Amino acid sequence: MAGSTFGNIFKITTWGESHGKAVGVIVDGCPAGLSLTETDIQYYLNQRKPGQSRYTTPRKEDDSVEILSGVFEGRTTGSPISLIVWNKNARSSDYSEIAGYYRPGHADYTFDAKYGFRDYRGGGRSSARETIGRVAGGAIALKVLESCGIHICAYTRAIGPVSINPEHFDEEEIFCNPMYMPDAEAAKKAEAYVSEKMHEQDSSGGIIECRIQGMPAGIGDPVFEKLNANLAKAVCSIGAVKGFEIGDGFLVSTSCGSVNNDAFTADSNGHITKKTNHAGGILGGMSDGSEIVFRAAIKPTPSISRTQQTVNKQGNNIDIQIKGRHDPIIVPRAVIVVKSMAALAIVDALMLNMTARIDYLTDFYH
Amino acid sequence: MAGSTFGNIFKITTWGESHGKAVGVIVDGCPAGLSLTETDIQYYLNQRKPGQSRYTTPRKEDDSVEILSGVFEGRTTGSPISLIVWNKNARSSDYSEIAGYYRPGHADYTFDAKYGFRDYRGGGRSSARETIGRVAGGAIALKVLESCGIHICAYTRAIGPVSINPEHFDEEEIFCNPMYMPDAEAAKKAEAYVSEKMHEQDSSGGIIECRIQGMPAGIGDPVFEKLNANLAKAVCSIGAVKGFEIGDGFLVSTSCGSVNNDAFTADSNGHITKKTNHAGGILGGMSDGSEIVFRAAIKPTPSISRTQQTVNKQGNNIDIQIKGRHDPIIVPRAVIVVKSMAALAIVDALMLNMTARIDYLTDFYH
Amino acid sequence: MAGSTFGNIFKITTWGESHGKAVGVIVDGCPAGLSLTETDIQYYLNQRKPGQSRYTTPRKEDDSVEILSGVFEGRTTGSPISLIVWNKNARSSDYSEIAGYYRPGHADYTFDAKYGFRDYRGGGRSSARETIGRVAGGAIALKVLESCGIHICAYTRAIGPVSINPEHFDEEEIFCNPMYMPDAEAAKKAEAYVSEKMHEQDSSGGIIECRIQGMPAGIGDPVFEKLNANLAKAVCSIGAVKGFEIGDGFLVSTSCGSVNNDAFTADSNGHITKKTNHAGGILGGMSDGSEIVFRAAIKPTPSISRTQQTVNKQGNNIDIQIKGRHDPIIVPRAVIVVKSMAALAIVDALMLNMTARIDYLTDFYH
Amino acid sequence: MAGSTFGNIFKITTWGESHGKAVGVIVDGCPAGLSLTETDIQYYLNQRKPGQSRYTTPRKEDDSVEILSGVFEGRTTGSPISLIVWNKNARSSDYSEIAGYYRPGHADYTFDAKYGFRDYRGGGRSSARETIGRVAGGAIALKVLESCGIHICAYTRAIGPVSINPEHFDEEEIFCNPMYMPDAEAAKKAEAYVSEKMHEQDSSGGIIECRIQGMPAGIGDPVFEKLNANLAKAVCSIGAVKGFEIGDGFLVSTSCGSVNNDAFTADSNGHITKKTNHAGGILGGMSDGSEIVFRAAIKPTPSISRTQQTVNKQGNNIDIQIKGRHDPIIVPRAVIVVKSMAALAIVDALMLNMTARIDYLTDFYH
């Protein structure tokens, strides 16, 4: 199927391969009148850009985005917004070797199984460069959210065994360290851990956490289009994600109702909140007005330079050593991708919610 | 939005409330010629039917399904299949009290926030009875999968702190104990744990695991429609699910590439398999031919008879004691719901895959 | 594909066959808070009910609709609305003969070609009874439109060579004659024409016209989701429709720009209208604030009692005489179906339009 | 809504404005392994390219297409195919004047009504240049159809009062005359008629006809996704189309059943065909194996150089004379657009049909 589109009303369609001419995205369904420049988008693309620290691939790409349509005199027109980033540092020769075998932990084998052959250069469509389109589209979603008073904060919660200390949480710190952790001390330890893995020609996994503030209550739907279900799909559609949990997540399995239930409470104005937030801000598929909190488990980069066993296309067992340019840790660069996917899911739900009551229509079309 | 439909080609649309006249589902896009009777569907409905053990709600419903359309002379016709289950033991009076306040851990508050009012009887649309439609639709999906050689096995992996011992795994055992565990010994311990919680007027959570065998490689898509992303959405759209993970799941965060990568290996016929299955059967969003393994975290039943604090519609803080008929543990009855949702996601992906290559079309329309 | 669903936000899914147990529809995405009773829906179903004049099939069905879900205390809840009509006068024996051959002008042959076999009783899924679901769903859409100040008027414009005289147009007259024409004199002539065709064991076609008043400007989209494109699909999805045109329709082919262009004009308050309406109320896919006018061409009932040539399933050329109960003219009963499909397309477009500008979102989520 | 996407499995998303940097399309869901070069696509783009005769706008664009993704070593990979055409001869200054008023017959007014403002340069998104994306996407659909033995032929049937003589039909002739008529004599007369309109500073409408040969029976669906309904939507989504009809179309209104029904007949091998084709190749929404024939009514170009009355944004009545570069007749350049949209609708239906029977699945996944 045409699996490159995400969203119902606010829709993005990404395209492009790691070593093709360019990568890009069409954002369709963006409301008209939103102020938008390339700088707005570049800000987020820079957060995932490679080559920014010794923990990311040395591939040099400035990842400059160009707006090709849908914006006129600085504002969105309601027409599809086409965004493009040219691939400049493609070095396909690095990859000619992998054409003949299947890298463990990669999609090489499954691509061949599905399509009969593949664009093997740099992972082709399954390259992390595909996420450029997500981040560029997400940047626009984030601008829409901002104008609705909604703020998303995503960061590295853990790398390998090193977790942040929630008491040291400092949002300002996030982009001040190469681990994108909101805790400078933990970030240092994480750097040391990643360095160790690099030295061992190995790689590390981690956990990304995302908090969404300012959500009105009632966003999302009660059955298949639960807000948490759409967040789960959005986040699990990112290459290296192996798990998704909201609120207390897997811990609920050992909890009990009397603990896990969040008591409602009203202040003297009758304003309703919850005393705790085990639910993570969503009840019955709809936002409850609390902060939404979810986490994603990110696997270790499959590209490691250690010798690995695998099979070639001829069906022979072989040993390989992967060359090319790779990240020893995916987690930091994936932070903005998680944030982007969350923004896209939330914007779509906000839009769908605008027709939830007949009064909304009669007020609009009085 | 119309959030009651799941699937792209093989689509189900569920409807109905806990204390309305009936609940049901329309299955649209089922291939013609599939042999189908009400017995095929009833078999799975019986697995989620209430009142089967002391650990489930005493509400008495036989949950008899009736086929209203789409089947002719014992076979599906390709037209929508309408399935209905009448609500017989609705006791709305039990619920008149809850009209006025918001039960912790339930969707009462978010329904009011979204829609302005709600059908409060028995949780209305957010009742577990909504899953009857999923299971009835899933039963048909399971028949389609069977005819393609695919087998799904779901079961309770853990209840509270009690986990199965994978070495004692016995598929036959699953429906022989009220915990739906594939390990009789663990099931006994789990029963004891749940009994304890019941005694404490409390409830327990747990973990459901699902294994999909016989999957061909290449099913699913590489970007937004990753098979794992659709499984995540399918499973997280079930009421009590707070987390989803595939393969090693959250454990990958502390693993490293050299361990987490599954080496490919070929036998003497050139048939390719993986030596391990940390990935859980999906690479790059497409099945890799291994068993697919995922888990869902299920929260403790929010309806507990203990006194709880909450807020009424007037915005006053009050203490409540929930009456009505409830399950002290959702997990066992949710097993077949998880299995059904998995089946629906897989069938849809199998169908979409049939147009992945131009050869498939030219062979079909030679 | 699951081809039984229409709409994006306001969605209907119809099900049921002519001689099955029942027919029905799920309306999903209806806003909460709309006052709705079975009487509201029955009103429109009665307009398509058979057996009301000598020009319709003598099959006796009261077509009583029952609401099974989605309405609580007289108002829609935002959950799917399940509507059912039981088939009471099914006489399948009338149809056993047609199991073996392909009726000209019917879908018998194409059903077998697609699905390998068919529910042949009364045309199965392709029976006019399928439109019960459309009309029941359309009734709800019409209520939504009413609350937004939009009025739809559909009627028979022509039967065979007999057309209404636009100068005699009288909306009140429409349901006062069995032809559903807004011109009593033309209706008399049309009756005479249909009687003649009945006498000749033949049938007649006609044209249905539809006018939509009170449309705000700007509804619909500029590219693939043009309002006229969605109206065209909605209307051409009705069984007997062979053509669709909007405004001057096919006449534009012989017109010229200086005539076909509608001049804009402003009154002293700066309120903009068009001096003429050749466009039929839509420009560039979006409503222009004028009345929307479209027409549908309806083919003659294919079931005629005259001897016809055809082929049986064994591939032999045979002569047949169709028995069973049939309408000599489909047009009048299709009027409410056209109106329903128009209402569904318009409601969906109104809802989608509510997110067209960023101001709409910021005002809503201030 | 995101209204720039067409199709379910084989999906195109177009983007771009008349005077923006470029226009383009993403084709997603194209099967892997299809041989594809830029030349394949350019062939069709050249048929709609401006500046080829005195009857088209003098705007000079070579409309060279570039493939940016989804093709590797000359074959489609199954990943989205991004196609771009740069706008080279944009002369926005021609259009600065129209920023302030609403051109009759154009979308200027409705764009402002919907979005609050518009990219007025050359009609912005509603320019005929938007159809470049449709034709580029359609070119790929046509290649897929070719490989399935399906051939589409579209041409000008009438311009103003000048119709082709069906007895002189010559497919080879179509692109040999600037009117794209399959009848050289009619084309000459049409040229004379258009010249006359040009001399009068006026424009002409016409009719495009499309024939689809080699269709297997059973393609399409019986209810809302009827093949004719999707063709209607596909074709009516083209800017200037005001009507769509299939087979005998509007003529059925004055026909009768005994004439309009197409008798089935079998040859000595039991192969079934129809003796006539009043139905236009579709019965009950599914192809019947005959040639599919439909027609589209195209309105006269709204841009005429004659003085016209309209309103400016301040709400004053004014007289205008439209400058810029325009076609006196849209019909010939729209021929390939109609053909492209037909191809897209057909490919999608072919793909969806591959899962219509359970045998198809079991054979595929034996």
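Each chain gets a letter, A, B, C and D, in the order it is written, and its residues are counted from 1.
The working rule: contacts are C-beta pairs under 8 Å (C-beta built on N, C-alpha and C of every residue); 3 or more make two chains touch, one makes a residue touch a chain.
Bear in mind the structure is a predicted one, so any value in this text is a computation, not a measurement.
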Neighbouring chains common to chain B and chain C, by label: A, D
Copy pair chain C, chain D: interface residue numbering same or different (half cut): same
Pair with more cross-chain C-beta pairs in contact, given A-D and A-B: A-B
Chain A and chain C: spacing of chain centres that average the CA atoms, whole Å: 44
Where chain A and chain B are represented by their mean Cα positions, the distance between them in whole Å: 26
Averaged-CA centre spacing for the pair chain D and chain A, given as whole angstrom: 38
Interface hub residues of chain D, defined as touching at least two other chains: 1, 3-5, 8-10, 14, 29, 32-33, 78-79, 114-116, 125, 216, 222, 352, 355-357, 359
Complex contact set, residues of chain D against chain B: 8-10, 29, 31-34, 76, 78-79, 144, 147-150, 216, 222, 350-352, 354-362, 364-366
Touch list for chain A against partner chain B, complex: 1, 3-6, 8, 14, 102, 104-107, 109-111, 113-116, 125-126, 130, 158-161, 197, 200-207, 216-226, 228-237, 239, 242-266, 269-272, 275, 279-280, 282-289, 297-304, 306, 308-311, 314-317, 352-353, 355-357, 359
Residues of chain A defined as touching chain D within the complex: 1-5, 7-11, 13-17, 20-24, 26, 28-29, 32-33, 66, 68-70, 72, 75, 77-82, 114-119, 124-125
